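What follows is a set of structures for review.
You will see two complexes here that share subunit A, one where it goes with subunit B and one where it goes with subunit C.
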Partner chain A sequence: MRFEQLNPFTVAVYYLCVLGIIMFSMNPLLIAIALVTSVLSAVIGGTAGKKAHLFSLAVFLIAAVLNPLFVHKGQTPLFFFNDNPITLEATVYGLCAAGMLTAALYRLRDLSGVMTSDRVLYLFGRFSPQLALLLSMAIRYTALFRVRWRRTCDAQRALGLFTDGNLIDAVRCRARVLSILITWTLENGIVTAESMESRGYGTGRRTSYATYRVHRYDVILMLVCIWLTAVSAVGIYYSKAAFYPELSMDLLSPWGIAGAAAFTVLSVLPLIINGKEAIRWRLLLSKT
Partner chain B sequence: MRVIENPRLRAVLRYGIPFVLIPALVALSAVLFEGQRYLIISLGIAVLALLLFMTGFEKRNIGSRRMVITAIMTALAVFGRFIPLFKPITAICVMTAIYLGAEAGFLCGSLSVLISNIWFGQGPWTPFQMLGFGLIGLIAGYLSRVLMRSNVLLLLYGVVAGIAYSFIMDIWTVLWYAGGFDWGLYSAALLSALPFTALYAVSNVVFLLILRKPVGNKLNRVKIKYGV
Partner chain C sequence: MALVTVKNLSFTYPNAEHKALSAIDLSVERGEIITLMGATGSGKSTFLRLLKPELRQNGELEGEILLSAEKATLSHRTGVSGDSLLAGSGSPLVLRTFPQRGYLRKGSLGAVDIIEAPSSRIGYVAQDPEEQIVTDKVWHELAFTLENLGLRQQDIARRVAEIASYFGIDRWMERDTATLSGGEKQLLNLAAVMIADPELLLLDEPTAQLDPIAATRFIETVYRLNRETGVTVILCEHRCEELFPISDRIVILDGGRVVLDDTPRKVAQLIGKDSEYTAFLPTAARLYHSVGGRGELPLSVREGQLFVGELHINHTNPEHTEPTSTEEALSLKNIRFRYERKGDDILRDLDLTVYKGEVFALLGANGAGKSTAAAVAAGLRKPYSGTVKLFGKPLKDYKNGSLYQENLSLLPQDAETVFLHETVGEELKSCDTVMEGLPFDLKPLYDRHPYDISGGERQLVALCKALSTKPRLLIMDEPSKGLDANRKALLLEVIRRLQADGVTVLLITHDVEFAALCADRCALFAQGGVAAVDRTDRFMTDNRFYTTAASRITKRYVDGAYTVALAAERFTAEGGAV
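Moving on to the complex of A and B:
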């Protein structure tokens, strides 16, 4: 099974672990690993286009520059800018914060791609069925608004009431279409509510349409995620990374290395799973 | 829809959730977890918002109708977020709050952010955006009598909401970036967000001006016709 097809719970746990470590640790070694692996998985997974990479680069540069410009803590001035010291410590902290931000943005983009609306609904539905119903209705109406918007526009155009000639006309036509849309949907919604009532909404427990089963594979994967996260956390705890007032780092203690190794494995876990699947697919094809 | 029967508990929930519990949760997510558990926190806020909304219900058969209408208004806000640059989300939340009550406004604001972020990207900013828009809706609901009567005050509310939203979001930016609060960074963030702040305020005014009459009439009509 590809990583994206796993149970939403497993995927959520995985991203919670990875994002947790990325955002919780201000450890330069782990942030470097996070940055490299998240760019790597975005490139291999094809989740980020050229524009997204450029945007991330811009975020990285701006975040890296902002900290030394505004924070003047630290003991080692590199040079003076407008009579304010630009310190080595603030620069290094800025680089780390920028790396953290960029890596987190890449991971969040991955997460948005994997967590489609039905999966979000499944996750939320487990906690509150009523919230899930409201969310699913709102998502449904969002899709419906798009369809009905097009349909109303077409109808208005066929009637000769829709013009794109100048700006005022265009805005006025769209405002009219929106007005029609709202009236239609509100009336329709009351019918939906009526129908829900008559079918016994609120009288018993709700069942859900999506049935993701929790397989043994999911459980094992979740445990592996949590174990790797625990090792990384211990690694973070035992390695020293203080920025102010003076840089004092001790990243390469035995526990620090173990933590970094665990985090590396955790970061590339989806790539390993998908790679394994690709190899298996190749083997199956070559056998027949 | 389940209704909370005890009136005192309902009153406690009505004021305790928006002004005590939700800000505490957001502060917790920013300080204690450094924004890492945004999914759980946003989930918590959504559940609290729903609980708040439920406290506003009085009768059972009105509940599901109001729920559907709130879902429609939420969808409208999400739909509006796809318009480039000018976003009617605040205007729609305010209209919902004025006509359907403060709770509905809160729910409309927070859930429309949650849903539209499925397309625009979820992140640690989700709970803060949910809180921002939720509070804009909630306060508009509490001021509904005044806002319904006076056109000028309604537009003024739009401007204030736009600016306040930007201020709240920049607090989050600084907290996540610097790990603590820093006035220098905060003012820098406010300054760099100035064009966006202006855009928020302008688009709020424009959309309130456009939507006030037609949407207000429609909601009023549905309210009278079906007794929502």
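Moving on to the complex of A and C:
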């Protein structure tokens, strides 16, 4: 099974673990691992295009530069800029923060690609069927609204309402379209309400149906994720990374190394699962 | 015991002067298909909604509606609280008895109410395919009904799988409901209702918004459900061509009264040639009446062919004039268009020329790209290659919105998108001069909100708005959608008047019957281009499948008889006076 096809709970737990470590550890080693693996995942998984990579690079550079420019704490000045010291400590901290931000951005982009609306619904539906239905209807209305906005604007343009003239007119016309669209949506909401009622909505206790199952594989994976996260957290604790007033950290203690190793495995877990799947298909194909 | 018995039912809307329904007696046997017909406002929808307790409107009611309870065990199976229902097991169950002349509010139980029927016993599908859908995914829409009934996970899984494969929608279970076509949406609505296994299915003009092919498929599905599951069907529709052959009874309502209630053949026989209900009849029956036929009345195309075969053929060749104008009003040359850079071409080398003063019909199935072609022709979408010229001038040379003032106007498919104001009067403020020339009067609607008037009326108001810029070329996208026979006749007259005034009309439609009545030339749109363009008579005669019912009935005997009127000229009943 591919990683994206796992139960949404497993996927959610996984991202919670990875993002948790990325965002709450200011450990240079772990952040370097996070940055490398998240870029690697994006490249192999094909989830980010050229533009997205360039954007991430820009975010990284800006965040890395801003910290030493504005923070002058630390004991080791590298050089002076506008009579202000640029310190080694602030530079390293800036690099770490930038790495953390960039890695988190990559992971969040992955997450939004994997967590489609029906998966989010499934997650919430476990807690409240009402909330799940509400979300589902909201998503549907947004899609409908977008389609109608476009159709109405087209219709009005062809009837000569929108002129290419001044900006104020254009804004006023669009405001009118928006207001009438809301009326349209509310008006037709009655039909939806009737459709719900005639299909027995509100007659008794509701259940929530989902197409996902929890397999043993999911449970094992969740436990593995939590265990790896725990090891990483212990590693972070023993590394005792501190940046100010001077850099002090013990990255290569036994626990530090164990933590880094655990986090590496955790970070590439989707790649391992998908890679295993790819190899299995390759083998199956070569047999036939 | 009949499944549904309606006794002396009358209904008056609050503050209404006249009864919407008066003294209706009707009984429906288990497994029947009953088609209700009648003009807009005849009370069809009101009647259907009275049969469904959840949808009953406010108003004054008299009489009784009884729903038989022989299948009370059903409620056990679907998990609905079945105890109260079982109280009347075996014996007829009063769905709701109305207090004599009492005022009934929706949702409240009247004093004499005995038992509520569970919603799952009666299924209801309305006209608008889009608005009935509740959730965002196809599978969730199906499950929604069962979630409401409180079924367990594994039961829902089974029923969803069952119904999906029966309806052939298992391939698009994961899709977003917003991406479905109108026909798919309506099929989903039907499936979502059938999943609760109702005994009675109520359909309120379910195909009015669909193209003919999707509509036929929908009706076929209903017919199949009826034969294979025995579900009783009551539907109101304008689409007589498909429904007369499959219905057990046709009930014609007029002014809230049952005018006729008999088998389709008897009803068609009784209506005759010049009745106000003649437009409800299928082509074969109208042809039968037009030539003064005797013997068995034909209902379907096949029966029509057998009937025509017995007739005497008049060997007169009807005259057809070639279009006189060769001046181009609209020309599209080598148009290529796609919505997304990486998507497929929607328009592929589209070439189309519309001459000045003609009515040109662009025909084709839904989703073929006809509406996209209209949007490109109207300058709303820019093709990535090819040129569009209006009256000999490229579209981009019309500056400052002059294109949409006195040159070109587009009547969109959804009339809702045209309205921007609170009342019809405000909408039509600038349309006085346009209104004078029209064969209908919209003044009585002036104080109403555009959304409160009926779909047909809305269409006419939108048409007036489209004409308010005094266009020389009018593009109409599916103008006949959802109109009853009378309104279609009005629209036809408007188009003829426009043509007489020198306006060029481009019809984008899937309604072949309508195009046959008003177009000078027709084109068949397929695979992003025009597959065939021809004069209407040749187009209709040469096409085998994509043509009118009249043409399909008569084509083995004569050419060019593609409407009932034309066909009636070519045939005489044997021994009858010529």
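To be clear about the criterion, the second predicted complex is superposed on the first by the 244 of 288 C-alpha atoms of A that agree within 3 Å, B and C clash if a C-alpha of one lies under 4 Å from a C-alpha of the other, contacts with A are read in each partner's own complex, and residues count from 1 in each chain.
In the analysis below, contacts are C-beta pairs under 8 Å (C-beta built on N, C-alpha and C of every residue); 3 or more make two chains touch, one makes a residue touch a chain.
Predicted model only: the values in this text are computed from it and were never measured.
Peer 1: Does subunit B (first) or subunit C (second) touch A:157, or do both, or does neither?
Peer 2: Only subunit C is touched by A:157; subunit B is not.
Peer 1: Figure out whether A:196 sits in contact with subunit B (first) or subunit C (second), or with both, or with neither.
Peer 2: both
Peer 1: In the superposed arrangement, does A:24 touch subunit B (first), subunit C (second), both or neither?
Peer 2: first
Peer 1: Mind working out whether A:70 is in touch with subunit B, subunit C, both or neither, as first, second, both or neither?
Peer 2: Once the two structures are laid over each other on A, A:70 reaches subunit B alone.
Peer 1: Give one of first, second, both or neither to describe whether A:147 is in contact with subunit B, with subunit C, with both, or with none.
Peer 2: The answer is second: A:147 touches subunit C but not subunit B.
Peer 1: Could you say whether A:284 touches subunit B, subunit C, both of them, or neither, answering first, second, both or neither?
Peer 2: Touch status of A:284: no partner.
Peer 1: Now for A:167: first (subunit B), second (subunit C), both, or neither, which partner does it touch?
Peer 2: Touch status of A:167: no partner.
Peer 1: Could you look at A:16 and tell me whether it touches subunit B, subunit C, both or neither (first, second, both, neither)?
Peer 2: first
Peer 1: Do subunit B and subunit C touch any of the same residues on subunit A, and if so, which?
Peer 2: 117, 133, 137, 139-140, 144, 183, 187, 189, 192, 196-197, 201-202.
Peer 1: Per the contact definition, I'd like the list of subunit A residues that touch subunit B in the complex.
Peer 2: 12, 16, 19-20, 23-24, 26, 63, 66-67, 70-71, 97, 101, 104-105, 108-109, 111-112, 115-117, 120, 124, 127-128, 130-131, 133-135, 137-142, 144-146, 149, 175, 179, 182-183, 185-187, 189-190, 192-193, 196-197, 201-202
Peer 1: Can you list the subunit A residues touching subunit C in their complex?
Peer 2: For this pair, the touching residues of subunit A are 117-118, 121, 129, 133, 136-137, 139-140, 143-144, 147-148, 151-152, 154-165, 176-177, 180, 183-184, 187-189, 191-192, 194-211.
Peer 1: Where on subunit C does subunit A make contact in their complex?
Peer 2: By the definition above, subunit C touches subunit A via 52, 54-55, 80-81, 118-120, 122-124, 126, 128, 130-137, 139-140, 143-153, 156-157, 160, 176-178, 189, 192-193, 196, 375, 378, 380, 400-401, 404-405, 408-410, 412, 414, 416-421, 451, 465-466, 468-469.
Peer 1: Give the list of subunit B residues in touch with subunit A in this complex.
Peer 2: Its residues touching subunit A are 1-2, 33-37, 39-40, 43, 46-47, 50, 60-61, 63-65, 67-72, 74-76, 78-79, 107, 111-112, 114-115, 118, 121-124, 177-179, 182, 184-185, 188, 210, 214-215, 218-219, 222, 226.
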